[in-house]
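Following this line, the structures themselves.
Here come two complexes built around chain A, the first alongside chain B, the second alongside chain C.
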Partner chain A sequence: MTRSERITIAVLWVFASFVFVLLYGPAVLVATLSFFDMDRGQIAWGSFSLAHYASLLENKSILAALGNTLMVAFTSVAIATILALGLAYYMRTGERRGRAYVEFIIFLPFVLPAIITGISLLVAFREVGVDRGLTTIAIGHIVVVIAIIYRMVMVRLEALETSQLEASADLGATQFQTFRLVVVPQLASAMVTGALLAFTISFDETLVTFFLAGSDPTLPLRLWAMMRVGFSPEINALVTIVLLGTMVLATLGALSLRRGIAKERA
Partner chain B sequence: MIRWSLVRLAVYGIPTLLILCPMGLFLLSSFWSMSGNKMSHSWTLANYRAFFANASYWGIYLQTIKLAGIVALFGLVSGYIVAYLIWRQRGPLRYMLLLFSVIPLAMNYIVKIYAMRGILGFNGVLNSALVWSGLLAKPSTMFVFNQTAVLIAMAVIYLPFAILPIFLSLERIPHSLVEASADLGAPPGQTFRRVVLPLSLPGSVVGGLFVMVLSLGDFLTPQMVGGSQGFTFGRAIWSQFGMAFNWPFGAALAVMLLLAIAIILIAARLLTRYRRTS
Partner chain C sequence: MPQHAILNLVGVSKSYRDVEVLQPTDLAIEDGEFITVLGPSGSGKTTILRMIGGFTAPTSGQILFQGRDIVDVPTFQRPFNTVFQDYALFPHMRVVDNVGYGLRVRGVAKAEIARKVAEVLQIVDLGDKADRFPNALSGGQRQRVALARAIICEPKIVLLDEPLAALDAELRRSMQDFLKDLQRRIKTTFIFITHDQQEAISMADRIVVMNHGKIEQIGSPREIYRRPGSEFVARFFGENNLIPGIVEQNAAGEACIDSALGRVIVPRDASLAVGSKVVMAVRPEHIKLVPAGSTVSQSVAAEVRSVTFLGATSQIALTIAPQGNFAIRVSLPTNDFPSLSVGDQVVAAWAPDDLTILH
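Moving on, here comes the complex of A and B:
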């Protein structure tokens, strides 16, 4: 490497470090503030405590919102996983003329901004006469996450050799037996990865949820309502817990994805 | 036989019912109107006429596209630099850096807006830092509750969405090409300019366009950090479903947004095709 190239790379690294500060700075700032009291807009550095975390546990509305979020996430991810698995398996076994059509449709909510998906479902629910509530939120989340699980499962299915299915059929297994005993065990890791990613997305989903929520808010909506009133150390504490939770989930997802790739290569 | 047609009905019916039908209804509803607090199903072009007749909607529309374009450009350039540096690494450091640039994707979106507001405010961290370092004599209002604040906040929030696609498009370059270029005597700088950059650029631009689509549709970030100065098209749509309560007009505005996005996506499609054929 010449001198000028080395200098260029060094400058790029300085810039990249700045980018990482941008990415993590906000989160670190909020987490730090959650341990201290505020005194007239200034941090009181002497006031380190976990008091704000303790007071969260007594806040009924936050706990209720957390419960709603978890319920929506579990239900929608479970249903979306089953749907995605069924769709992908159907498309993989045989020449399906409609494959491009179905893939186009389920990827639409993924490609289009959330505001379009939100308005569409809102208008549809209104026309059918369904009141907004946790059920409509869950349906919205199914629509949002199904593409990512489908993609994960499909990548794994395409790597699966058709001869395995043929061998299973030759040996007298019914289609369902082949599916249960040959296909599903090999898809397990892809399904877990997809479900983890989908769970993270559902847990954080805000822009579609805003259009579909009734009187029961999910955690992001509750957070939004609290933030509009202003800053408080309690919000910082809540935000820190949410950040930690989603980051752990995402890391688990990334690790399971990596394990899946490693297995494929082996 | 009946069982198979049931399966087929489910496979094609469920996605159609869950996704395509609502989107169709949404398009239709942009031609409806409001009577009292109900949508009336009589056809009208009044919503679109109202959009085209009102210069302030036009202005916000173009301004928001410009805003999203700048956010995307920032994402493309800084995302490319980060992705390129990660791509050059080998071993565990590479995987770790990649993980660190992906984790922010999972950080709660509302939380990020909240943090950005704390940073951008008049008494915020950025102003305090600028005053403390002596760059400013007193806190500036340049990035408080206006378009600049929205721009900075969106640029930071949507930046991680650009890094991953750019990294993947770098990853698709066969390593043998880079080696061949080096074997033929090209210094690293030349290899980058003549081999790596041209091959990864189309995919990277697609990553940038993805960021543009995300920031076009955002309505909460501008609401939180934009104040009255930082009005965007997303907020205009959202207000029709809240305070203003005119769903058909809101739907028509959203269709206009969709139109802009369709153009962006077609451009992205053409770019990827260009990459495959060349």
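Moving on, here comes the complex of A and C:
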């Protein structure tokens, strides 16, 4: 290795480390702070405890917000997955007129500024006379995440040869049997990946949620409200838990995606 | 309509917008025969197969199965099974589950499925691959899984859409023998689509030659080879010399045609009008070479232009002497003319019966 190569590599290392510190430094700091107390701007290293976690469990308003968030995320992702699957299958199994337009409309909320989506939904709900609450939030989240699940499922469906559907019918399967035995098993990994991605989006969705929330806030809204009065140390514990949960979900998503790709290649 | 026809296409046609891919077509398929539909791509052969299978609806006409119109019967209720060109195996199912799929969707009991799958896998010689997934199999093995899957429900007709197209030459030959043998054993009607005339000749009881969305000729491989019904068939089906001519006279048991080969005598044919233009076909192997100076009634003097050694036979290109620029090809056993070389003067002869008039 020449001298200049060594220098280049050293410089690249510095850059890489800087990026990592920038990305994960704050998270590591928060995780650390969740176990220690602060004393005049310094971490008091002698104060290791799970006290913040304990007080988090006492904080009913935050726990309620977390519960709301999880409930909204699960419901909206489940409903969006079913809708996206049905729509994608319908679009795939024949020459559907206006498919390009329908897909454009589905994708619009995904790229539209969230504030527009939020306000339009708010106005719409008010005109129809629906009171704001967790239901309206969930509907808003469905609108936002359906595109990503649809896309994931569609990519996999496009790769599914038409002859597979024909072979199934040829062998005596009804439309529904074909869907259940041939289509869904081959879409499973795409659906899981799409659902996980959608879940993370729904989990921290703030802007659309802001317009649609009633008296029950989701976690991001609750945290946002707390900013005005300052955070209590149990927030560090909460962030650490959410961070861990997100990492687990992301790993699962990556694994499922990789399994899907491996199957595709084989 | 023959009594023993299992399937009848009556005036079946298919158009996409204003493009007619299949002209109104009649075709009777007999019970238990191995029928091959042969044609170049775009000839409408796959369209016919897809309409029989129920994947494409005909624009007009009837498809009669045992005398009953099945045009409106959906694919999953038709007693036919298909071997697809790309095999269309289900990648998420093991070989056993692929093969047993047809029985499973019909609600057959598990034990019965297992028994029949084992039996069929035995027939296609894949008993030891039952637990593999399709992507762990070779092309030839996938092909046999597709076949096993198609015959397990004991269909009345097996439809095969160019199933050997993706295999290499050697595997093709053995699969051809295997398919033919299987068809005899299970005594089921096979409709086999191909663009390979060699494949059609070696497998079929009857061949349907198609071109430009219509049937050019139907017959046994021998009939079609000996008596091509049109210029297209003569060109597409094996090698042929095509010789244009004009009918000079047509009387007294024979017709006389003035052509590039000189005056040619053919059996009398009422349809040959004096003065009309015709094209005659003669196979390279039906032309004999006789020594120069021989006087044979049906012959023409020629000069050897090239000799191509092909092993057991040699391909010889001849230039017909009086015309100077008209060339014909002759195929001869190599041993018969060991010393033939370019520039030799020869006489090419043929039997009147080996000439086919194309209309």
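The working rule: the second predicted complex is superposed on the first by the 249 of 266 C-alpha atoms of A that agree within 3 Å, B and C clash if a C-alpha of one lies under 4 Å from a C-alpha of the other, contacts with A are read in each partner's own complex, and residues count from 1 in each chain.
Just so it is clear, a residue touches a chain if its C-beta (ideal position, glycine included) is under 8 Å from a C-beta of that chain, and two chains touch if they have at least 3 such contacts.
If you're wondering where the values come from, they're calculated on a predicted model, not measured in any experiment.
Novice: Quick check on the superposed pair: does A:S61 touch chain B, chain C, both, or neither? Answer first, second, both or neither.
Specialist: After superposing on A, A:S61 lies clear of both chain B and chain C.
Novice: Identify the partner contact of A:T32: answer first if only chain B is touched, second if only chain C is, both if each is, neither if none is.
Specialist: neither
Novice: Name the contact category of A:E127: first (chain B only), second (chain C only), both, or neither.
Specialist: After superposition on chain A, A:E127 lies in contact with chain B alone.
Novice: In the three-chain superposition, say which chain, chain B or chain C, touches more residues of chain A.
Specialist: B
Novice: What is the contact status of A:D170 with respect to chain B (first) and chain C (second): first, second, both, or neither?
Specialist: It touches chain C, and chain B stays clear.
Novice: For A:S49, using the defined touch cut-off, is the partner it touches chain B, chain C, both, or neither? Pick first, second, both or neither.
Specialist: A:S49 contacts neither chain B nor chain C.
Novice: Please indicate which partner A:V242 is in contact with in the superposed arrangement: first for chain B, second for chain C, both, or neither.
Specialist: First partner only.
Novice: For A:Q186, decide between first (touching chain B), second (touching chain C), both and neither.
Specialist: It touches chain C, and chain B stays clear.
Novice: Enumerate the contact residues on chain A facing chain B in the complex.
Specialist: Those in contact with chain B are residues 1-2, 4-5, 8-9, 12-13, 15-16, 19-20, 22-27, 29-30, 33, 41, 83, 86-87, 90-91, 98, 101-102, 105-106, 108-109, 111-116, 119-124, 126-127, 139, 142-143, 146, 200, 204, 206-207, 210-211, 220, 223-224, 227, 231, 235, 239, 242-243, 246-247, 249-251, 254, 258.
Novice: Which bits of chain A are touching chain C when the two form their complex?
Specialist: Those residues of chain A that touch chain C are 161, 163-164, 166-174, 177, 181-182, 185-186, 263, 266.
Novice: What residues of chain C sit close enough to touch chain A in their complex?
Specialist: Interface residues on chain C, with respect to chain A: 53-55, 74-77, 80-82, 84-86, 88-92, 101-102, 104-106, 133, 135, 149, 153.
Novice: Can you name the residues of chain B that touch chain A in the complex?
Specialist: Listed in rising order, the residues of chain B that touch chain A are 7, 10-12, 14-16, 18-23, 25-26, 29, 39, 78, 81-82, 84-85, 95, 99-119, 123, 125, 156, 159-160, 187-189, 213-214, 216-220, 224, 234, 237-238, 241, 247, 250-251, 254, 257-258, 261, 265.
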